[in-house]
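After this come two complexes, each holding chain A, first together with chain B and then together with chain C.
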Partner chain A sequence: MTLRSTISAKPQVWATALAIAVAVALLAYVFGRGGYVVTVMGFAVIYGVFVTGLNLFMGYAGQASFGQNAFAALGGYGTAVLCADYGLEPIVALVLSATLSAVIALIVGYPTLRLRGHYLAMATFALGLITYELSIEQSGLTRGFMGFSGIPPLGLGRFQLLSERAQLAVFILIMLLGVWVARRLRGSRFGRALLAIGESEPAANALGIQVFRYKLVAFVIAAVYASVAGSMFAHFVGYISPEVFGLSMVTLSFTMLYVGGIGTLWGPIAGAVLVSFLPQLLRGFRDMQDIIYCLALIVILIFVPKGLASLWSLAVRRSDVPAER
Partner chain B sequence: MIDTSIILQAVIDGAGVGLIYGLVGIGYCVIYNATGIVNFAQGVFVMLGGMLTYTLLTSLGLPMIVAVAIAIPLVGVVGVVIEWFIVKPMLVRNSPMFAIILATLAVQIMIERITIMTAGDQPRTFHEFTAGGPLRLGPVAVGYQLIWVLVCSVGLVLLLTLFFKYTRIGNAVRACAQNRDAAALLGIPVARMLAVSFALSAALGAIAGILITPSQYTAFNVGVPFGVSGFIAAIVGGFGSASGAFVGGIVLGVAQAVAIIIFGAGYKTVAALAVLLLVLLLFPSGLLGKRSEK
Partner chain C sequence: MTLLSVSNLTKSFGGIVANDSVSFDLNEGDIYAVIGPNGAGKTTLFNLISGVLRPTSGSVQYAGRDITGLAQADIAALGVVRTYQLVQLFRQRTVEENVQIGFHLATRGGVGAALFRPGWVRRQERMVREKSRELLRLVGLESQAGLVADKLPYGQQRLLKIARAMAAGPKLLMLDEPAAGLDTQETSVLGDVIQRINDQGITIVLIEHDMNLVMRMATRITVLDFGKKIAEGTPVEVKVNPAVLAAYLGEAELE
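Right, the complex of A and B next:
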């Protein structure tokens, strides 16, 4: 979105101003109101980080990972074990778990990313399932089914973010940092290579792009984002269980990506916020929640595959700017 | 030290489960050949087959043969509904493949939730088709249900082969698999053939679910492990031929059974993925070559 040449900048300025106004209003409401709204917003921001990473791999490079929850689980459990059992600094634990996730993504990605299409989808899907099973089986480390509680909140040294509001504020900063990195990446040589791969692998290959290497790096970066999101979740809730990083995390994150607009910079974030607040509007449908999610996802996939971002380009287009890909 | 007879028993039982994986794997191939998509909701048919039969047996008190005769077509209808409402609209709109995969995954979760709400989340099982047994062959025991599995699955593969080779509809589905546009030009109702492939595939899954339930159990969440294992069986077998999927299924089933003995029951899926990765590493060109032809 940012790369588009702005021959007539006006509609874009207006749309941007509107988006910023909505974001500011939402934040003012959340911080003013407090209570459960802060919790919901916290989850939205955590997922925002998660889907921003996934978007690099799926939206830009056009690959699919149905097992990104594996890396969130690694981050979550890494933080839990290192902070609660070994008393490490949260930031150290976060970096260590993210490094571990990156290494594992590299090892796992090396054979699996040679796969394409359905094979890649299923192999990554199996990765998520295996992590789920391991987190139940390795109960010495993860406390199994019962889950891991007593994880301290985010902090540095003796200073701890005790209120949810304070944690949320830091989370938003982390998310903005994540989006900024994603934006820088997208404009870089690396990002353009990913976009080329997403358009056509043979064509990218013919242009001299080392397709496999770029895919692998994108996968590793997405894994780091997922791991950081997992660590954030562990700090925010103070409790994690295998179920938290289960299959529903996959569908939830995909819903966010597609609702917001896959392959755009802010779309996934908007999707994360919207999808997180939706259940609050749909209270009373407790049992039906998953069904409604899935139904909504299917309808979006069929009828509006580009999500909210297509509304955005409707507002912005108007001039002779070429339509978004 | 692990006894050889235990290993032998595991191999026999694993091969039995592997035949089921083979059936699920063939289900994938049937849809893939006709539509070029992989239906991630394949495992759900296995679950539905078992759950529906259980419900018909217990709450309506029907005899086994009637329950089975009702359950299989019902699951077939579910397959057609999925094709009609989700897959076809997406194919028409040229949706990207991952979107279609995701939609079928969403269907799977929806059906699982609906199953929890209507039939509960408890594991269910029903009696074996024939009482008695097991058959003793030296140190190993072969349950009667295993023989049922063997007979039914081999019979099904034969029937499928005959169906695809000698019937009009079978030939039409194969024509769609080769070239959908050409098939349409020849006057084959392609859309209907896609529905046929979904019905067939769903029915196969249902039969697999009914066959396996007496010796294991069924519950709302058995779909995912069976779906993954079936897919791996299909890949190991080379994604296409029925006999290949069977061989893949048996390899996988045996590997899992042995892994359970050595490492413990929690490592079933880990073993399955290990088999997948090994095959992909050892025969990558064979597996990828098939895709890049297109």
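Right, the complex of A and C next:
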């Protein structure tokens, strides 16, 4: 277009190139090194899927869900039961569990999403607790608090992804698909409606956006992401228990969202990776590790309050492009 | 040609009669002003016309059809679009995005359309982008398109609200106190924008306290006081109407 926009496109290109370089270097290190680093990266990617979905509901539509772990549990147990007990194909089990999660999200969301603010937070929180209880009580199905082991790795037909490296590679593809979907949604009429709701429900309503309906759809989509993440977890570790999908999942995912940059496309992924690797980086501190971990998070939130993704927009600030990565 | 016809419109809230048998007609192409002291019932009148409130009695005819008591969204879909005194911009979104969100009612498509982007969706998105730019040009904000709306000065935020309302494709645009809180310079820019919109053939109803603006722009004026219409006419007629002068005594001065 104009000379000015050609010049100002430069920092954007550089920032994107830098971000890609960091990602490639990290992956090269992870796949080269192998061992526990691959395991940590696997968890990071699983959480990346989880928070990308949650971000649609919390970051874009501006709603709070403290019960997203319920849908991860549904995905995890769905995959465990269907694959280990019924011998279904992993992809079939994943799709069936995600469908069930979507239906339950619809049923649970219908009455609760009319609630506002902390009522919604409490209702979703209760959902997480109830699922947790159920996964202990329904021990015929879930093996109770002892957990469910012997879940096969991800695979297709007779072909199984036996190494963690191979699983990680497929997980990264799944995550990229998840980000691609989020990106398509973001840049559409649907996504704009979510953003509008996130900022001002009365204004969105006045422009003809059916606020409740859009919230419900966002909640269902987030539930599908959570469910898929749960299924991935079950395959990756081969073992799940009620604890795995407990409250810590909620706090961890919130940390990732805010550290990475809520409401941005890649921020949640960056947050998932950083928050997953941070404890490993701090292992040298031994007893002090937990304290330093918390301090590190606080320092990040003080100096980059809008999350890691805001570093990217900082680099391109002068170029007049909307800050959206 | 009559575009909007309000007959004996009445609305009571408990004991308060906010609109008391108000009637007037406005023609296509008008810039029609509704004035009156605070609490006279102007915003209530807008709420009744646009379907936010149901009238206690009376009727609203728009383009030859009875729209009394229709839902807000249905009335908006017919081309009656309003800005609200209290409804905010999307402050953290860019200027351009604010306008794009305004196209919601004028476009269609949900999750499936977003994911698979068939041809009609791509064409629609292109249309949204182009028309957003056009509307920003119309209100003089095209060079601020990428700016976060919050960063705009107050007067330009008001213009952005109007551009956002225009995105819904109004035939009748209702503006509730668009100049409130603006300085003379900003008000004059606003007046030009309203004139440009009107030049495109869009009929305008305007609630306004700024008498300079009203007298300069309005083709006709209705004056409300305590829910009743006390006068109607051209600016020149209204200015010298004794009932109007009495109602405004101690209020704003009529120019």
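Everything below uses one rule, namely that the second predicted complex is superposed on the first by the 289 of 325 C-alpha atoms of A that agree within 3 Å, B and C clash if a C-alpha of one lies under 4 Å from a C-alpha of the other, contacts with A are read in each partner's own complex, and residues count from 1 in each chain.
In this text, a contact is a pair of C-beta atoms (placed from the backbone, for glycine too) under 8 Å apart; a residue touches a chain by one contact, two chains touch by 3 or more.
What you are looking at is a predicted structure, and each value in this text was computed from that prediction instead of being measured.
Once the two complexes are laid over each other on the shared chain, residue contacts for A:I291 go to chain B alone; chain C is not touched.
By the touch criterion defined above, A:L247 reaches chain B but does not reach chain C. Of the two partner chains, chain C is the only one touched by A:L195; chain B is not.
In the superposition on chain A, A:F66 makes contact with chain B only, while chain C stays out of contact range. With both complexes placed on chain A, chain A has more residues touched by B than by the other of chain B and chain C.
Touch criterion not met for A:L27: it reaches neither chain B nor chain C.
Of the two partner chains placed by superposition, A:A19 touches none, neither chain B nor chain C. When the two complexes are overlaid on their common chain A, residue A:M58 makes contact with chain B while staying clear of chain C. When the shared chain is aligned, no partner comes close enough to touch A:L274: not chain B, not chain C.
Of the two partner chains placed by superposition, only chain B is touched by A:L129; chain C is not. Listed in rising order, the residues of chain C touching chain A in the complex are 73, 76-77, 84, 86-94, 96-97, 100-105, 107-111, 113-115, 117, 121, 124-125, 128, 146-148, 164, 168. Every residue of chain A that touches chain C in the complex is listed here, in rising order: 181, 184-185, 187-193, 195-196, 199-200, 202-204, 206-209, 217, 221, 320-323. By the touch criterion given at the top, residues 58, 64, 66, 111-112, 114-119, 121-123, 125-127, 129-130, 133-134, 136-137, 247-248, 250-251, 254, 258, 287-288, 290-291, 293-295, 297-298, 301-302, 305 of chain A touch chain B in their complex. Chain contact summary for the complex, chain B toward chain A: residues 32, 37-38, 40, 86, 89-90, 93, 95-103, 105-107, 109-110, 113-114, 117, 224-225, 228, 231-232, 235, 264, 266-270, 272-273, 276-277, 280-281, 284, 287-288, 291.
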